[in-house]
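One chain, chain A, links the two complexes that follow: it is found with chain B in the first and with chain C in the second.
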Partner chain A sequence: MKKRIISIAAAVIVLAATFFLLQRLLMPKYISVNEEGGLAAEYYDNAGNNDVIFIGDCEVYTNYSPIKMWTERGITSYIRGTPQQMIWQAYYMLEDALRYETPKVVIYNVLSMKHGEPESEAYNRLALDGMRWSSTKYRAIKASMTEEESVISYVFPLLRFHSRWSEITAEDFEYMFKTEPLSHNGYLMRIDTKPAGTVPDPIPLPDYSFAQVCWDYLEKIRSLCEDNGIQLILVKAPTLYPAWYPQWEEQIEAYAKEHGLTYLNFLEKTEEIGIDYTKDTFDAGMHLNLSGAEKLAAWLADYLADNTAVSDRRGDTATAEQWQKKIEFYEAMQASQKKQLEENGSLNSFR
Partner chain B sequence: MSFVSFEFLLFLLILFVLYYTLPRRFQWMLLLVGSLVFYAFASPKYLIYIAVTAMSTWAAGRAISAEYRGRDSYIKETPDITKEQKKARKEAAKKKAKTIMVLCLVLNLGILAVIKYTDFFISNINSLFGADIAFMRFALPMGISFYTFMSAGYIIDVFRGKYAAEENPARFALFVSFFPQLVQGPISRFDDLSKSLYEEHAFDAQSITHGAWRVLWGYFKKMVVADRLAPLVAGIAGSPDKYAGGYVLALIFFYSLQIYADFTGGIDITIGIAKMFGVKVTENFDRPFFSRNIAEFWRRWHITMGTWFKDYIFYPVSVSKWMMKVSKWSRAKLGNTVGKRVPVYLSTILVWLATGIWHGASWNFVVWGLLNCVVIMISQEISPLYDKFHKRFSFSNTKGWDIFQMFRTFWLMGFLRVLDVYRDVPLTFRMVPTIFSGRGWSEMFSGGLLKFGLSTADFVVVLAACIVMLVVGILQGRGTVCGQLSEKPRAVRWTVIWVLIVIIITLGAYGIGYDAAQFIYNQF
Partner chain C sequence: MKKKMAALLALVMVLSLVLCSCGGGGESNNGGKNTGSLDYYFQVKDVKVEMKADAEAVLKALGSYKSSYEAPSCAFDGMDKIYSYGAYDILTYTADGKDFISGVVLRDDTVETPEGIAIGSKLEDVKKKYNAKEEGSSINVYSENCRLLIIFDNGVVTSIQYIARSEK
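What follows is the complex of A and B.
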């Protein structure tokens, strides 16, 4: 009997180890393809000391440079942004972050209010697979799943990514147990420029009301911040496209007013910030490049320093040392991208 | 709740743990509850259909048994009864039992006929008379063809006095609804299944292990082969104008592999699950692709359906009074040699017509059934020629000739089966000749087969899996593979299982990106 139990236990261990290795091998590595997929997981190496947390979609992780906010006003910040992050994901990203730290300010980019229901399994994966396991992640999954998805495939991603067996490359082996940092406290650097041309006219919508579920999650974000003594600031990034309708603006303004929240629509402050859409965007106005992100970050850093409880942390030696390393990585990536541009005329990789 | 779903595996795990932890006297009750839960997952309203069939058949069986008991006790308790009185009493009981049986069959086969065949009937009326009768579009309850035939077989057997009727309605309900066989059979017989279904089972590690191996093997066939080929088969069959010629031959080949892996895989899962619960379910296949002719193929493929038609249609019809009259008439009119074949062939045609209709409510299945019948009858008629051929040529007794015959049967069955894929008789007869037109061949071999979502790597997987299935098929000829594997050292056994699990998890066609196909026979 004892022998049987030992052999069964050994078989289970071998099987579990096999699945673990297969899972590590077959899961996307987000190194040379879909690099944004690595953003969610990077947070945990940088958690614990951030006074400002950003939540939202690409309008946060491409438009604000935390490094600039540090160098300008000594503000520690992190961007928990993921591609097409839904508001419920933003909420759970914040709830997850509060397990590691309590920032003084949370900045939520309001564009995701326009998405009233789960839309894309691919974006869900980019947001959720990188989160560490907790009840928060479980609830984030439940809230995010499209009809075709199942919780079990998040518990065991091998069940989702098993079909990658025929497309694995040397990169999958190389990065089975390691990864390479991509972002700068959640900021995804792009130094290239594609000037904005003619922006398409906004398509009229049959209904401009935000979905109730979005309001519910916005309320949950507000309550979570209130309960933890965090100041919530709503922002709209200064991007020319996709359209931000006046009707949406009115609804957000009314909500902010009703709850005494600060709402900064940067589309109305582009001149003040100094954004030049012929130089400060890498995709014709949808996202800012490094130059634009630094301008916006500098303005925001000033605003936060002057109007919120965040303080200058540059006097804190340990923190300053940490951020010095981040600055070095930031500068190295800038140099790398510059070199790529000089050699190829375009960026092949962020790194 | 599909067999190929995490919900099902969870359901199975819970049921399994409860089955071996509850007192054994509750085991069959747990299986009944589990079966009803499984059925309710398909749709709770379907429970009504299966409940009506189960309870009406149980009640009819009880009534027939009561009639027979009354007859027996009357004869026993009346010592001075004459032979004539005894015979009259027996005939009266038989007549009453027959009425009960017929009513039961009419009710249950009627439900099946109405639900499954009403729209087929309407479409034919509309076509024939230019009418515009609206279709009823009844939802087909899961496994209705299987449980109806099981119930019908039971009531006929009780009528024939083969066994006494089951007294407990809940136990009978379990026979009808036993969940592993609801998906696609087999069509079990009460006397085969009931004993192991109702008896108490101790935890038998070997039986459970063998059951689990069989389940794994079923999942391998279903997920690695059948579901991988599903988009290819659907893609070619779905665009006949685009994919003709060589593609049709590819369709025949790949559909043969798909339906084999799908149906036998599903039955492996069914038998394996039942074995894990200590229940012995009848085998439904005996390596059908090793058949050397179509008649043999049908003795090895969907065995329980074949024997059902043989026992409950072919034999009763062959020996029925009106068939005797036909036999007498045909011998008188056509001579002894031809005349004696007429009743056999009429019964055979009836069986194949029924087989075709059982598979589906459309003309393609009817034609498919009749074509099978025609090929079998021709084979039978020319068998003397074959015998002469075998005597004359020595190579016909070689392994190579056997392999040729298997190859021939595989393709012959494949050509008949193409009716099942196109589901349209004129279209099928239009498409098959294009194979010889030369169309599509070069396109097919220059990347055409890669248009259906399968990569070269997928075809390599299918090829490798087919080699594995072939090797297992050869091993099955020497006895059960589970038995052979049990005799191997533990390290070999675990390695085989480990490899099988890893292959299913990694190479299985499931999850997002794959359109998980329901079992093909689930729709029949």
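What follows is the complex of A and C.
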């Protein structure tokens, strides 16, 4: 009887270990392809001690440099942004972050209010696979899934990624149990420049009203912040494309006014910030490059220092030492990208 | 005991192979020309612009555009492009390294649909031409590859958009 129990236990262990190893091998590593997929998981190595948390889509992780906010005003911040992050994902990213820390300010970029329903399994993966398991992650999955998706494929990603067996490269073996940091407290650096030229006219919409589900999640974000004594600030990044319609602006302005929230539409402040779309964007106005992200971060750092409860943390030795390492990583990546540009004329890698 | 372990390992290997060999999944939005004869299409002179058609051929036939804009996909490969011709915009998407038509936006009343509807047309004419009912401030009609969206205000058409239907 005892032998039988041992053999069954051994069998289960072998089966689980094989499954685990296969899963580790076949899951995307986000090292040289779709690097943004690593952003969600990077947070956990930097959780705690952040006075400001950003949530939102690429309009947060490409447009604000937390390192600049530190060097300018000693503000600690982290960007919990992921590609095409839906507002329900933004809410759960915040709820997840609150398991580790309570920031003084949360900054939500309002562009994702335009997405009223789950759209893309591939983008869901980039946001959700990197989250640590918790009831928050489970609810994030339930809120995010498209019709074709199932919770079980998030519990066991092997069920989703098994078809990668034919795409396996040396990188999949090398990074089976480790990864390399890509971001600077959630900021994804790009130093190259592609000036903005003629931006297409906005395409008219049949209805400019934001979906009720978006309002519901914005309200949940606001309540979560209120319950935790956090100041919520709404922002719209200064990106020229995709369009930000005046009708959307009116709705956000009205919401902010109704709830006494600060709303900063940076499209209206580009001159004051000093953004030059011939120099400060890497993709013709969709996202800012490092130069633009530093200008925006410097302006925002001043604003936060002067108008919110965040304080200058540079006098805190332990924190300053942590951030010094971040600065060194930031400068090394900047140098690496500069070298790539000089040698190739373009960026082949963020790192 | 050894036999049982061997059988178990065999089972694991079979399971692994089954998991690894069955297809499915994938992130790419596979494009391809699929132009059913009943599809709605836009036409400029003798150039037919059909949804999901090879963009290169269409753009070549249309001649030079006034401006263009490239919008790379966040995270994934792929590039949405917008070519502005003044009276209309042509939108494309990339799949498997090739560009396909993803949309057409009519910008003024110098162009019209093959059914004779232009910006400024009356809502009643649209409803008759397409045998369709309005939903709020728009009319949607569908064919295999195309959603034709017509927006109106005060009973007058203000926007006409051809939109490639997704693979769903």
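Following the convention adopted for this analysis, the second predicted complex is superposed on the first by the 351 of 351 C-alpha atoms of A that agree within 3 Å, B and C clash if a C-alpha of one lies under 4 Å from a C-alpha of the other, contacts with A are read in each partner's own complex, and residues count from 1 in each chain.
Criterion: contacts are C-beta pairs under 8 Å (C-beta built on N, C-alpha and C of every residue); 3 or more make two chains touch, one makes a residue touch a chain.
Since the structure is predicted, the reported quantities are computational estimates derived from the model, not experimental observations.
K.L.:
For A:242, select first, second, both or neither according to whether it touches chain B, chain C, the two together, or no partner.
P.N.:
second
K.L.:
One more residue to check, A:163. First (chain B), second (chain C), both or neither?
P.N.:
It touches chain B and chain C both.
K.L.:
Quick one: classify A:149 as touching chain B (first), chain C (second), both or neither.
P.N.:
Only chain B; A:149 stays clear of chain C.
K.L.:
Which one hits more chain A residues, chain B or chain C?
P.N.:
Per-residue touch count on chain A favours C.
K.L.:
Report for A:84: first if it touches chain B alone, second if chain C alone, otherwise both or neither.
P.N.:
second
K.L.:
Mind working out whether A:135 is in touch with chain B, chain C, both or neither, as first, second, both or neither?
P.N.:
Touch partners of A:135: none, neither chain B nor chain C.
K.L.:
For A:200, is the partner it touches chain B (first), chain C (second), both, or none of the two (neither)?
P.N.:
In the superposed model, A:200 contacts chain C only, not chain B.
K.L.:
Identify the partner contact of A:344: answer first if only chain B is touched, second if only chain C is, both if each is, neither if none is.
P.N.:
After superposition on chain A, A:344 lies in contact with neither partner.
K.L.:
One more residue to check, A:18. First (chain B), second (chain C), both or neither?
P.N.:
both
K.L.:
Going by the contact definition given at the top, which residues of chain A touch chain B in one complex and chain C in the other?
P.N.:
Residues common to the chain A contacts of chain C and of chain B are 7, 11, 14-15, 18, 22, 26, 121, 158-160, 162-163, 165, listed in rising order.
K.L.:
Under the stated contact criterion, what part of chain A meets chain B in this complex?
P.N.:
Residues in contact with chain B: 4, 7, 11, 14-15, 18-19, 22, 26, 121, 148-150, 152-153, 158-160, 162-163, 165-166.
K.L.:
Show me the residue ranges of chain A that touch chain C in the complex, using the header's touch definition.
P.N.:
Residue positions touching the partner: 3, 7, 10-11, 14-15, 18, 22, 26, 34-37, 57-58, 83-84, 121-123, 126, 158-165, 197-201, 203-207, 241-242, 283-284, 286.
K.L.:
For chain C, which residues count as touching chain A in their complex?
P.N.:
1, 4-5, 8-9, 11-12, 16, 19-27, 67, 69-72, 74-76, 82, 84, 89, 105, 107, 135-138, 149, 151, 158-159, 161
K.L.:
Per the contact definition, I'd like the list of chain B residues that touch chain A in the complex.
P.N.:
Touch residues, chain B against chain A: 6, 205, 455, 457-458, 490, 494, 497-498, 501-502, 505-514.
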